[in-house]
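As structure tokens, the structure follows; a few thoughts come after it.
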Amino acid sequence: MLRTEEMLLNMGPQHPSTHGVLRLVIKIDGEIIREVDPVIGYLHRGTEKLAEDLTYTQIIPYTDRLDYVSAMTNNYAVVHATEKLMGLEIPERAEYLRMITMELNRVASHLVWVGTYLLDLGAMSPFLYCFQDRETILNLFNELCGARLTYNYMRVGGVKWDAPDGWLQKVEEFVLYMQKELATYHDLISGNDIFLQRTRGIGIYTKEQALSYALSGSNLRVTGVPWDLRQHQSYSLYHQFQFEIPIGEKGDVLDKYHLRMQEIAESLKIVKQVLGVIKEGPIMGKVPKVLRVPEGEFYTGVESPRGELGCHIVSNGKNKPWRLKFRRPSFYNLQILPDLLKGENISNLVAILGGIDIILGEVDG
Amino acid sequence: MDVFFYLGPIILMLLLLGFVTYAILFERKVIGWIQNRPGPNQVGPWGLFQTIADVLKLLLKEDVVPGKADRSLFKLAPIIAFVPAFAILAVIPFTETWQFGDFAVGLLYYIAISSITIIGILTGAWASNNKYSLLGGMRSAAQMISYEIPLVLSVVGIVMTTGSLDLNDIVLAQKKVWFIVPQFLAFLIFLIASLAELNRTPFDLPEAESELVAGYHVEYTGFRFAFFMLAEYVYVFAMASLTTCLFLGGWLPLFGLTMIPGILWFLLKFSLVVFSLFWIRATMPRLRVDQLMQFAWKVLLPLSLLNIFLTAIFKEIPVLSSFY
Amino acid sequence: MFGLVKGLGVTLKNMTKPKVTYNYPAEPIPVPDRFRGIQHFDAEKCIVCNQCALVCPTDCITLTGKRNPDPEKKGKVIEIYDINFEICILCDLCTEVCPTEAIVMTNNFELATYSRDDLFKNMQWLHDNNQNIRQENMSSKPPGAAGGAK
Amino acid sequence: MSDQEKEQEKELTTETKAANVMSEETVEIKSASKEQDVQKPDALSQELKDEGSVKNESASEEQGIQKPDAPPSQEVTDEGSVKNDSVSTGVDVENTVTKPQAASVPPKKPAATPRPAAKKPVEEKPLEPSRKQPWLDKFVVKLKDLEGSEYLEDAFINRANSDLPTLVVKSEWWRYLALYLRNHPDCQFHYVQNFSSVDYETHLEVVVHLFSFPYKERLGVRVKVDRTEAKVDSVADIWAAANWNEREAYDLMGITFEGHPDLRRIMLTDQWVGHPLRKDYVPYDEGV
């Protein structure tokens, strides 16, 4: 009788496909995973603690660094919470600009996901194609606010910059281009048998599990729960526009892929509609000189590309928050990983982990 | 003749190194173009010296042997992996005259010797005393042994047709029509199996960067690592040559264009095969281990048996038998 | 199987497409005007209001002022003005609050050095950094980062 | 960690998946430990409650205070009903929840300084009753009927937060309430929207925002936790999402969640000293 034993494999924090500095301590039997213990916190920067010493405006650049793939949404989460607490009115054009940037950012974020996910599965080229299209979006943002990743674009009461001349046309061109380009992605990826083999039936969880783990975003919708904060707890001016919430059927990673591709299409649809109605106007509302948020407690969530990005503010009436807590969707979504990985193959680990779509900057706060 | 006998291998070795150098560059360029970028273009004109610079860098690197590794095995492994890769080139007929060892069982020799490399890989993986490399080595062993079988069986059809294991005879038997036409099924099986033998995408599980970091050579640095890489690319060279000989008519010209020398024809076909290897690499994701095994045993093996069966039948059919 | 062939077709088609990369170190990368690069500081415009130092989220600006040497003029003049680019995140808030546009962004972004000490830039350096100054500094929106009213 | 505990842990995690049942074994251990800790409630708690309500009246946006001082009169029947309800989901409430009758911690500090949310009593003209008020009322009435309703300190509508119904409970009752909210057919709060913790200097608070998919309703729950002895029952087996969040709250805020399957630091290193999100936190090593 051969003596067999389980092996402890330490994956990360430096590993090509843990998407940053996630560390997984895995017990494996051959290549079959018996137990996983995710170790996080390698990128913890104490944003919540820092925020207690910062004014509301100063917090905004810090939020850029949480979910660095979709910083616009992060900007919006904190700005939105502050505005709601203060009861400010935001000019229409500012809201439209915010929606355009947020939806473009969602497209960019999902493109990064598609690209890196295919890279995890071993395909190189889709990654670069996705990044090319993302590059267009980043260049648009660069023109708009002067940065490609850490935008610091939104302000309490509006946005910092108005769209430069011709910018909206460029956005429209991009939307039209991207709508066509999606077909290329489907040609390249969606029909690829190896990709289908790798993703079909992988990482399935039930609706009950998803709710219990408080998954959000595509990770929840893939189980068939049509839950999108843009519609169900509508913020900004999303209620004015038509878009659908794609949901999954089987709940496997393949479904997640199709879901995110559809979300890209829906986001483009929203951007197109916004471009149709946006008018000239002020981009900054009436805001007091020093932002003093009235006493109270406030929680609100916005739909980031990864799920419900919440902002819980406790204010004591000063110009700095007493406590600022971010509900970071990646943090919640990652929790289900040990459950999903039990009994899976190591190759599936990468496929499942990638499917969750985590951003470590956000997981670690 | 005697001079050529002794100098030939050295020339071949140098040629081979040249090939490897430029195959790597070519691969990077092709993948670069596919991904809308120019590829390496900084070192030398058109990036021509890029690989040379890379190799120099590798040679200058510190030679690290992990403390817990089995030192002697660790050092031996790259050599075991590389030597067979070079040895198999002896039987490849580049042209009618350009061949080093013309013996009757050339094909068998190729297949037998090439499977020794797996021992080197497994040794290296085991000796590194690293879990990732162990997993990579195990995968590699399982994969290469599994795919050897369909690889060999797919060639059986050709052997049946020509009645010889001598690669020269096989090439010459393709004067009328290349074997890619009558043996198309075998060609597909051979191509897939050879991709797997070469550990190239979509079968690059032993190195599976996103899972096992670098697989069996994760602990290797410097020139030992270079040896593994060299072995890999020599196999690309050998496998592309073999494919050319078996299915694409070796040095035989197309359309009766005999004024173009045979070696050029060979190189042309050979480059086509190499290009398609790179092209596939740039497009495909990676298979999963269990699917990979299932694919070998459940799909490729029955198919190659079917191919043998069909060849046997076609040989008996009067009209078709001239092709078989 | 057809899907695989289709994918190969896409990659082959892309081979002939124009290249999208920048030849960066050889050719300067084009940046839009609003690009947030290293700040330029104009000491003559500065009124030592300290707003930039207050608004800086990372506290990377150090400044001191002194009395105006010209006794007939009121106010202060700047004496020391340093920015520590080890921690500066180029968030643009300092230029946003500056009432006199004494500190403005430029389009220069190359900060890499071999030593951390080199990242500590003083007033003279910031003053000499006067190439590619950003044209549009106030946008259409004067209110400052501290939430200044419109 | 002893073997038994490990066993317990495993069971917990497996059960979390299924129907969030707590193993009886765990319950026994828990209730035993509780009974030793707890002391009788006294008059001071009443005082605290009163002060809380006064403070709340002064708060501008808070309305419709429910004084949760109704005695647990219909104990038997109501508990029975709860039990029945939860039996259907496989949870034995009576066994799992520590009896709040016996469980109370003597208030160490009667809320001397009110929470920052209520510093200045501002004269406000009476606001329109919130649209969520009926829902909250209905809800509070139900809760009042429950055993241990005196631990519901406050229930109000957080107007600033789009009329969010909010409950304030004492830490002893939290687990009981959580089970109720999760499993009762009229609540069904299966989804944790946010799990936060706040240091109010006088006390700590665990703030949980729940969402009920069947009713499409949100609910905020604030759990008051004593600052010096920050302990509260874990709800990681009720909502799987609470697991890491409780670890985070333990790590950064220093709240111990009793019965948590794996209470370790999650963000900071294991050797870290102190809990950074506490307002009185002093970095142990100035250089860091």
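A few comments on the model shown:
A, B, C and D are the chain letters, set down in written order, and residue numbers restart from 1 in every chain.
Assume contacts are C-beta pairs under 8 Å (C-beta built on N, C-alpha and C of every residue); 3 or more make two chains touch, one makes a residue touch a chain.
Keep in mind the model is a prediction, meaning the values are calculated, not measured.
The set of chains touching subunit A and also touching subunit B is given as C.
Using the mean of the Cα atoms as each chain's centre, the chain most removed from subunit B is D. Two chain pairs, B-C and A-D, are compared here, and A-D has more C-beta pairs in contact (counted per touch definition above).
Taking each chain's centre as the average of its CA atoms, subunit C and subunit D sit 47 Å apart. The geometric centre of subunit B is 65 Å away from that of subunit D, both derived from CA atoms. Note: centroid distance subunit B to subunit C, computed from Cα atoms, is 53 Å. Remark: subunit A and subunit D have CA centroids separated by 30 Å (rounded to whole angstrom). Each of residues 4, 7, 10-11, 14, 20 in subunit C touches at least two other chains. Taken residue by residue, subunit B touches two or more other chains at 34-37, 282-284, whereas all remaining positions touch fewer. Listing the residues of subunit A that touch subunit C in their complex gives 54-59, 61-62, 125, 129, 132, 135, 139, 142-147, 150, 152, 155-158, 160-162, 164, 184, 187-194, 196, 282-291.
Subunit D makes touch with subunit A in their complex at residues 16-17, 20, 59-61, 116-119, 158, 160-162, 164, 190-199, 207, 209, 213, 216, 220, 239-241, 243-244, 248, 252, 265-269, 276-277. The part of subunit C that touches subunit B in the complex is made up of residues 4, 7-8, 10-12, 14-15, 17-21. Subunit A meets subunit B in the complex at residues 7, 9, 15-17, 31, 118-125, 128-129, 132, 188, 192, 194-195, 197-198, 345-351.
Taken together, the subunit B residues at the contact with subunit C in this complex read 30, 33-38, 279-280, 282-284.
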